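Lettered A, B, C, D and E in written order, each chain numbered from 1.
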């Protein structure tokens, strides 16, 4: 997946589409951004300037599906997290999760979220849940899995037509589909045409976690901030 | 206190962890920090056992019972807190059934569970020594026989403790995502593994020293021979100095090599108030070197107030280290644009912890009341009465 | 955890890890089982009494474990290593050889106005043994013991025919909250019993070796010692020191209603 | 033989051992864990056949095409068409009916009776918050039929903006990038127009704009004057150079110029810059049946004070609001205010009666052409979910007051469009576009209902709008405005509560 | 004495065993009969239908599961046979247009994803491989539900996770949890 920060207007469509697709419940009373569940979250960067020179950029942040010594996989005490060798997706098994939150401590991107509350929907709204994704229970960790429900559906559709393998068109995550500016693009990194174009960078590359999300920007200040390591910038997101 | 603790714990279990002030960034909060500390302090049990039964340091026989009880208290408390801390306590057995052997946490879980069992077994003879229970012959014999085998348990305990104390350190050493905590090390174990073992071993005796001193102050009885406490102090001191040295070396390596390697210059961590470099200083010098030196200076060691305060400093130092490892690690931002967060435990968290402490105190004081924690105590009652002289004319009438 | 569990991989790490885990488990469980088996065995062999005495002897305060020969001044300081069973103590044997027979055979020792006739032997648990001409021996509380207890509330005497073991339980006496096990001074078989004078037994000793009991000249120093201990025990109870001159009245207990008698008696009858 | 305590122990021990050899304890442990999987209260999503249905989003005048993924008849997610994405709200639209604050019950008949009684000899006014719909026509017809009926539109007729022609936009606080117009169009056009945002506050449009003129609050018009005349403008807090350069730019590129509120001077400047007729063009409406006799659109200002006896407010689809203060003066002392809304959020606070209406996607209706479509369009929003019992259809209710049956109004109008024979209908299911004359009226009607849009043919030159003394207000519903009004889909919490992407209202 | 001990021990053990093996299942499982007396056998043999005639796989690859009323009504608008069961079915459901509340033996937990399409169309598995002789059974046995976990007791023979895994392993299809979990 690659994300063009310059195209992102921070409209939040991806966050909403994600929540709708993956049956993430709306916030209970008293939730703040520190306890909320947003598999994809748009962070706001600004160039720190004051007045009319002030500029914003928006950086959608989701699970980076780290490919090399994935932090969360090795720490989970009960194999609730694993890196799918076939798809390269880091999978989280809520029904196996103990809720020790060690993986959250391990994740440098804070892309994992804990169900602090019992999941609850306003009366009647549970009718709108997506049957392709199981709602999580309280006390477990969850995270983006590139809309695995859609992956399943695509597989099933292909199978119904007797195909084993998928076309790129068969399967895109909800956020990609929803992005109005098509800032988020999605494809198999192994295909040549999806090779990350030059000038694109990954977050916290130096940690050696091999994230699979590539970011692009033409603006230097954005690149400086986004590529920089921890805590060099004042925060806005 | 216990009631309040139970109530808060109940809240957390029934309503879920939203009762706490932990959040997605502060996945670990007060509980984990205190678990780490408590377990480090409880290390006295294994280390004293090790010295007494394996290295045959007889003098420690005076405190071993107390040490075991402390260990038991600390560990059971820690486990209790953990059960509240996890989101799905009903699934605790998953860790055993489907262990991920690469995770430090698995190691911790396994070891702590085993070690708790060991402690319980070690606790049994102490209980059975109670005069009433001893009237039952089978208990008596069992205690006797078990006590003959206790060195085996001590050995196992040492083994287990070594590993779980270490793994507790490893927990944070392996966090590649947090350059602040990440360390390289030997084989699968990051350096924090060994640091934790050392520090725990160092803190344990100090804590026993403290408790013994405290108990004898409270009950104002003399519980152990005067030379025992300084001995503990000395042991603690030696380990402490070793720890401080190791820690210093490790820190230097980390500042100059590991952390930059992860793309973060080390000064950055300390640019966030209130966690300035003072915390590093405090950890290594104020609460590390100084008490160590005090404990190693015979003259000071023999003065009880120096001894005790040094021991206290040591314990605080270890606590501080655990604090840095858990909370500061999580507080520091990793992404450039995420904020430095601070966290303050909610009353439910505090309550639960207080409950655990209350439970600990309760168990300990019961043991102290009904069991013979300090075998030397009997010998140490000084006869105030002058030796009886036979009256000259005794028996004339 | 087991190879057949889902998600188990035969990796080196898992083998080492789980291997270690199972070793630990086995060690712990074997230890337990061992302890239990031994317990069962010893219980079957009825070694309870001996074990009890052993462990209790260890529990005694150091100064209650002093060797008789220290009392009688042969050693400056010496703790008994044989649980007051001098029969297999070579030091004792040696000393006996050295010791010249007592010059004058007093017939009666009187300490603090308590009569300790020397025709009999004394056990440190405050029992006396009077060998009878017919080879049996009369076992009863000594004067101090009697005065300590005074009039017992209740006495549990063994059935005739019971085998006694030296330092094992002779008989039990209840007095107020105190439940006293009077230690048997000798090995042997109970022939006859009577509740008189705090209980006394007629015992046919296993062998006529009474070396382990105190005799003649040892009695006085021992008693002085005992008085000291009594004093100590009482002061530990916050009771005033013994009545003037320290002459113990009959039924000492009655004169110290406040004292925790259980503690005192257990102290004096060597049961920590 | 009597059992001693010892025996009991043995018995218990035996029991324990035996129990361990049965499935019972293990089953229980496992079940406990499984139970935590479907904890009570965790809903089970309904399974069923997946279907795709099309409709139009009625949440704002953009009226984007919506592709709904449904399980059985229940929509589980909404998405735009390829290249025509939805905004965050559109994506959540299917959750609106479940908003907690929704009003569901009211005694419509009683209200009807009361109104009918007063309508005989008092002025009845309808305030339409989204003019240009078929429903609006119904209101006008009804008002025409009533003895003293007045039709008030929340805004005077909107011109269309021809975004393709736009080279530069100077916006006076209009959230151009934040909810204005049709998202997809704006996004496409964004590549070829330059945006200058004149706004006192740090809005996201301001911060995403190419240039931001941070003017003092309330000095928009002064800025306009300055730009028009080239003099003054000191009050805006900008220095002359900036103003001059901007004015210069505007003159260079014959530009579209937007204003936040109606004002003659803005219109004047637009005229001067040649925007009118080129980028600001007349809004065209789809044909209506000749038989419809509408009442005129009365500007609110021209309504005499304290004259309205019965005020009916259609809030069921609200674009632009009229400040209550403005309305209050027009009401007679004992005026009866009835609002048709789904929640108390809007005029419900002031109204005497609130008649619950269906909300998107339960409602049926059409959506007036978007501000950025110079061509006339006709698009239906058809219910994806059946509306709950007890909701009132404002058009039919108000029509009913004047004995006008508005139930088939949409169909009649579709007929009229078909009769006119212009334009083509493009169906979303297959993405085909067929000229109207090639299909039968009922096919046309069916197509419209199954998700299709009628677009007038781009015939002729774009006419300059017939404008009164002012450039009309720009219809812009940015997030904050919207949140301040009607109910929001619950999941909005993701945007402002569980992250700080948006400021909380 | 020790004999007595053992005696008691054994007694305890036996009772516990009895309770655990015989009593416990009765307690833990709630059993309820299916709403309609249905015979796969009859449909398969008399009517000569195949599984997929009723349980079809939709175009999008999803599985229709147990047919809904109108599908049954397609044949059973009026009684075809003389059986009481059919009559009850028609009177009770077809005529009043009520849906039948079947309890599905094979209903997997919510977090399980299973695609009939890929197993049937790609892997060419027989229905019987997983569903056993359900397709030829003459009557529907009562549905047993676990009181605590709320799951069906016997998801036939080969539909526990371990069974799936075993098969997947043997065919080298075992990649990650997410393959079968959602």
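We take it that a contact is a pair of C-beta atoms (placed from the backbone, for glycine too) under 8 Å apart; a residue touches a chain by one contact, two chains touch by 3 or more.
Keep in mind it's a predicted model, so treat the numbers as computed, not measured.
For the remaining chains after leaving out chain D, touch-based grouping gives one piece. Here the chain at the heart of the structure, going by C-alpha means, is A. Here A-E and B-C were compared by C-beta pairs in contact; the pair with more is B-C. If each chain is reduced to the centroid of its CA atoms, chain A and chain C end up 76 Å from each other. Between chain A and chain D the centroid-to-centroid distance comes to 30 Å (mean Cα coordinates, whole Å). Between the CA-based centres of chain C and chain E the separation comes to 73 Å, rounded to the whole angstrom.
If you average the Cα atoms of chain B and of chain D, the two centres end up 63 Å apart. Multi-chain contact residues, meaning those touching two or more other chains, occur in chain C at positions 6-7. In chain E, the residues touching two or more other chains are 58, 60, 62, 109-111. Residues of chain B found to touch two or more other chains are 88, 91, 94, 97-100, 102, 106.
Touching pairs of chains, sorted by label, consist of A-B, A-D, A-E, B-C, B-D, C-E, D-E.
Chain E meets chain A in the complex at residues 57-62, 109-111, 113, 115, 117-118, 121-122, 175-179, 181-182.
Residues 16-18, 22-28, 85-88, 91-92, 94-95, 97-100, 102-106, 109, 171, 174-179, 261-264, 268, 271-272, 329-330, 332-341 of chain B are the ones that touch chain A when the two sit in their complex. On the side of chain D, the complex with chain E involves touching residues 1, 3, 6-8, 10-19, 21-25, 27-28, 30-32, 34-35, 37-38, 42, 44-45, 47, 49-50.
Put simply, chain D touches chain B in their complex at residues 29, 32-33, 35-36.
Residues of chain E that touch chain D in their complex: 4-6, 8-17, 19-21, 24-25, 28, 58, 60, 62, 64-65, 109-111, 146, 148-151.
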